[in-house]
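Both complexes shown next keep subunit A, but they swap its partner, so subunit B is in the first and subunit C is in the second.
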Partner chain A sequence: MESRVSRYLPYLAFGLLALFPLTESTFYMQLLTKVLIMAIFAMSLDLLVGYTGLVSFGHAAYFGLAGYALALMSPGYDAVSLWWTLPAAVAVCALFALFTGMLVLRTRGIYFIMVTLAFAQMLFFVFHDTKLGGGSDGAYIYVKPSMKLGDFELANLEKPAQFYWLALFLMAATYLLLHRVLGSSFGRALLGIKVNEHRMRALGFPVFRYQLASFTLAGSLAGIAGYLAAMQYGFVNPEILSWHQSGAVLMMVILGGMGTLYGAAIGSFAFIVLQEVLSNQAWFGAWAKHWQLAMGILIMLVALYLPQGLAGLAQKFRGKPAPEAADE
Partner chain B sequence: MDFAFFLIQLLNGLQYGLLLFLVASGLTLVFGIMGIINLAHGSFYMVGAYLAWSLAGMTGNLATAILLAIPLTVVLGMALERLLFRHLYQRDHLYQVLLTYGLILVFEELRSLIWGDDVHGVAVPALLNASISLTENLSYPVYRLAISGVCLLLAAALYFLIQKTRLGMMIRAGASNRDMVQSLGIDIKLIYTLVFALGIALAAFAGMINAPLSSVFPNMGSSVLIICFVVVVIGGIGSVKGAMAASLMIGLAETFGTVLVPEVAGMIVYVLMAIVLVWRPQGLFGKA
Partner chain C sequence: MSDKPQTVSGEPILRTQGLTKRFGGLVAVSDVSLDLHVGEVHVVIGPNGAGKTTLTNLLSGDLPPTSGRVMFGGRDIAGSSADQISRMGIGRSYQKTNIFLPFTVFENARLAAQSRTPHALKVFSRAADFAEINRRADAALEAAGLTHRAQRVAATLSHGEQRQLEIAMCLATQPRVLLLDEPLAGMGPHESQRMVELIKSLTADHAIMLIEHDMDAVFALAHRLTVMVNGEVLESGTPAEVRSSPAVQLAYLGGEELLHD
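On to the complex of A and B.
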């Protein structure tokens, strides 16, 4: 049971984050926007890895697909409306997740990891080899989508602060939605499936349908993140759905502590800050170019010595038992 | 498409497939026997190619370079098994994925530090630098035939090792019941180390012999790795026979795909995989 304090902690965090633009530091605001976007992405993967027991190594497919959907829907110099492009991008991801989910969920364990990776790679080649999204050069999003109610401009997303608030709003919405879903009987059933699939099947739960629903929801939420990321950078190329992206987001989930939604957010924060620090030329000089070496070693250390991530570490210090280990 | 052209594509497809088999067989053995998913398997292919390139530069001869590089990769494989992979046998696949993903980043950066980021060509050994003419203007390089021959020999040796020798018997027994094998007095840890090193040496060797054809370049391991995943999924995890069948299938599909339908060639192998998944989720030769 969660205590009263921890129940209100997320709202406090969202409130404090909402005040950040008052610092007027555009650089850090943009960095934090990236963290918020990756937090949405990481939470969506945590739904699969931490709560449904499905290790997907191709989650970047949905992230990148939504980015490409936005790029294809806004080819010109006129702002498209966010009201229909965001739902449309998410719907594309949901459909693709539903389709791939039906195939990949026929497999388990090592197979599942490889097959999710292979499908993501297939999408990579679709965008890399065909002219659809500009091939390996990618495509530009010249103007960020608009948010208008009639003639009234609700937000101007070209302004970093307003874009930041949109990302924060969607991140908070994703968190609350997932919190709700996981607390429902559906979420309990998912956890049951994670622990023992055969028992849940014997109890009469339609395991496949539950997993497919979870897989589709995770893909759709990753789509929200991908849409925002494409909007932030103003361009997409096949790299955004490459397996390095899938690996990075998996690292964020584990680093923060899987099976805890806030852990995914902490993990994306830690990962992005680390990336910024390690690739800082002023501090590391020539080694900054090789920041992935330090990152790689760090990832290996986390895999070996910090299986429950930072959230597990915090709980250990507070003397609580770590959340249930993710053993077989 | 006339016959000579068809023959050339057929030989190319078979050669590519056989090369994939060398990489994929190691992957499938490590999966099947130790239950380890190794994303860094493609990095060993890259390491092999770079070793062949740099040692060939030093010794002036690719054959010598390969003879020197093989023991190095075996030692590398054994060391990694002892230091890293051994700790992951009992752990969830998730951590294996994470560890080996980190390992890829480390290998890529070390490659960049040691060998730089340039593309390098490797000369075909003089002895094999010839071609057989098929028609007046079409010919086939002897080196490609030699690669296919070597791969076939290795495949036969692997089959003999696993099916006919005492060591192979222990390996197969270890795959089905680790604890039982150990209680029978067999050093299963040593067997795991050997199998792991064998898998890595095979991948690295594939990189070495293919270096004159593909040249060596950064990130060369990742595309091979993912194709090998598809091979393992289609063939069935742990099945060397399946890896052979699937490798040839993929090799031919991709070679003919590139010639006939270049626009969608990159996707063909994944479509094949999707079909196999619908039809036989456990792979062609996998156990249900």
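On to the complex of A and C.
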């Protein structure tokens, strides 16, 4: 049984995060916005890696595709409406994930890693080598999308605090959606597939369909993150769907702990904060340029000594085994 | 013996005709024809490498046959996928224990029971809320004698209990046909006895194909007996018929001890 405390902990966290703009620190608010966006991205990947047993090394494809979708849908200096561009960007990602999923899910293990990477690289070169999205220079999103209800402006996303709240809202919604999905019969079946795919098939589960549904949902949620990221920077270039990006989000999931949603969120927080700290020239001087070296060592240490990630660390202190099993 | 199993007459629920599986040049299963009836245990024996497990794999859809037919419910199901065959009502257990080790015993059975609900992907209803599925999981655990272990993590069970869980999961899918691949493998005498009783109790409602090496269990359970050697059926019939077959005595049973009983 989930304890009462841990059931309400996420809501408490969302509540505290919602108060953060009161500090009026724009720098940290924007940094935290980035964390929230990457948390959506990392949770979507955790659905695959931690709950379905599919290690994708091309998850940035869906992230980047949504960013490009927003850039292509807002070419001018007029704000486009979020009400249709967000669903449209997510729908594009869902369709692309459905299509690629039908192909990549015929492979397993190392081949799955390679084929997902290959699809992401194909998309990278489509945007890199064609004029579609401005080639290697990328494209600008001059004005952030609007959120209007009739004439009433629900939120002005040019304001950092309001953009922050939107990111927080979507992050909380993603968390609650995935939490619900993973607690359902469908989620239990995914865990079963992760643990013993062969036996699931022998029990009569159409494994491919479950995996495809999971893959499509993961791609769609990555699209929400990519849409927000493109909006935050006001700019997209092929780097957002490169394998570096796929690797970074995978590291966030590993850092936080695979198979726990909040672990993915903690991992994105840790990753981005570490990146900020380690690349701080005032503190690390010439070494700051080589922050990836220090990050790599840290990730290795986590993989060696904390196989359950930072989430596992929290559980260690509470003296509880990690919830690998689906009992609650 | 008083409780000697009696054969059942009538239409078989499952019938293979000329079932063959080739791996390159090797013929693992060659032209096998056998019948399974509800109410009967059909035991398949044979030395290692005789093709018994391959035969099970052909029936369960884990492997597609090279040729031949598997007639079930009036149609040829040869070549259907494992999940399709499972949903048709043919369940199997594995020689090598094949369960969800990190899950609780109950969750193992519950997942098996869940597989019988329509696949409308009930994404938003909590898994624990389905009373009917939970009831079926409980019933399967009870039948297999594992109720007292329901909340244990499957990996912590004894070998014998894990074998029982194999059967429980199979039962939770409510099959008509049970394919049991060496359910007694590695069990102590006490556990074996329980398993034999369990299989006996399932016979009335199921058609069972049992692969087994334990001769005591074989003769306690078998209504029909098929002896396989090198992928082929050497002999098939009632235990008495098979026992008195000179070919079987020569090739496999090889002992005077089987002549008297």
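In this text, the second predicted complex is superposed on the first by the 322 of 328 C-alpha atoms of A that agree within 3 Å, B and C clash if a C-alpha of one lies under 4 Å from a C-alpha of the other, contacts with A are read in each partner's own complex, and residues count from 1 in each chain.
Going forward, contacts are C-beta pairs under 8 Å (C-beta built on N, C-alpha and C of every residue); 3 or more make two chains touch, one makes a residue touch a chain.
What you are looking at is a predicted structure, and each value in this text was computed from that prediction instead of being measured.
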Message: Contact-wise, after the overlay, does A:Leu132 reach subunit B, subunit C, both or neither (first, second, both, neither)?
response: neither
Message: Just to be sure I read the superposition right, which of the two partners does A:Ile110 touch: subunit B = first, subunit C = second, or both, or neither?
response: first
- request: Using the superposition on chain A described above, determine whether A:Ile299 touches subunit B (first), subunit C (second), both, or neither.
  value: first
Task: Check the contacts made with subunit A and report whether subunit B or subunit C touches more of its residues.
output: B
- request: Pick one for A:Val273: touches subunit B only (first), subunit C only (second), both, or neither.
  value: neither
Task: For A:Leu313, decide between first (touching subunit B), second (touching subunit C), both and neither.
output: neither
Task: Please write out, lowest number first, the residues of subunit A touched by both subunit B and subunit C across the two complexes.
output: 326-328
- request: Sort out for me which residues of subunit A touch subunit C in the complex.
  value: 180-181, 183-189, 191-192, 195-196, 198-207, 209-210, 213, 324-328
Query: Can you name the residues of subunit C that touch subunit A in the complex?
result: 60, 62, 81-83, 86-87, 92, 94, 98-104, 106-107, 110-112, 114-117, 119, 121-128, 130, 133, 151, 153, 169, 173
- prompt: For subunit B, which residues are in contact with subunit A within the complex?
  reply: 31, 35, 37, 84, 87-88, 91-99, 101-106, 108-110, 112-113, 222, 226, 229-230, 232-233, 237, 263-267, 270-271, 273-274, 277-278, 281
- prompt: Can you list the residues on subunit A that touch subunit B in the complex?
  reply: 49, 55, 57, 103-104, 106-107, 109-111, 113-115, 117-119, 121-122, 125-126, 128-130, 243, 247, 250-251, 254, 258, 290, 292-293, 295-300, 302-304, 307, 326-328
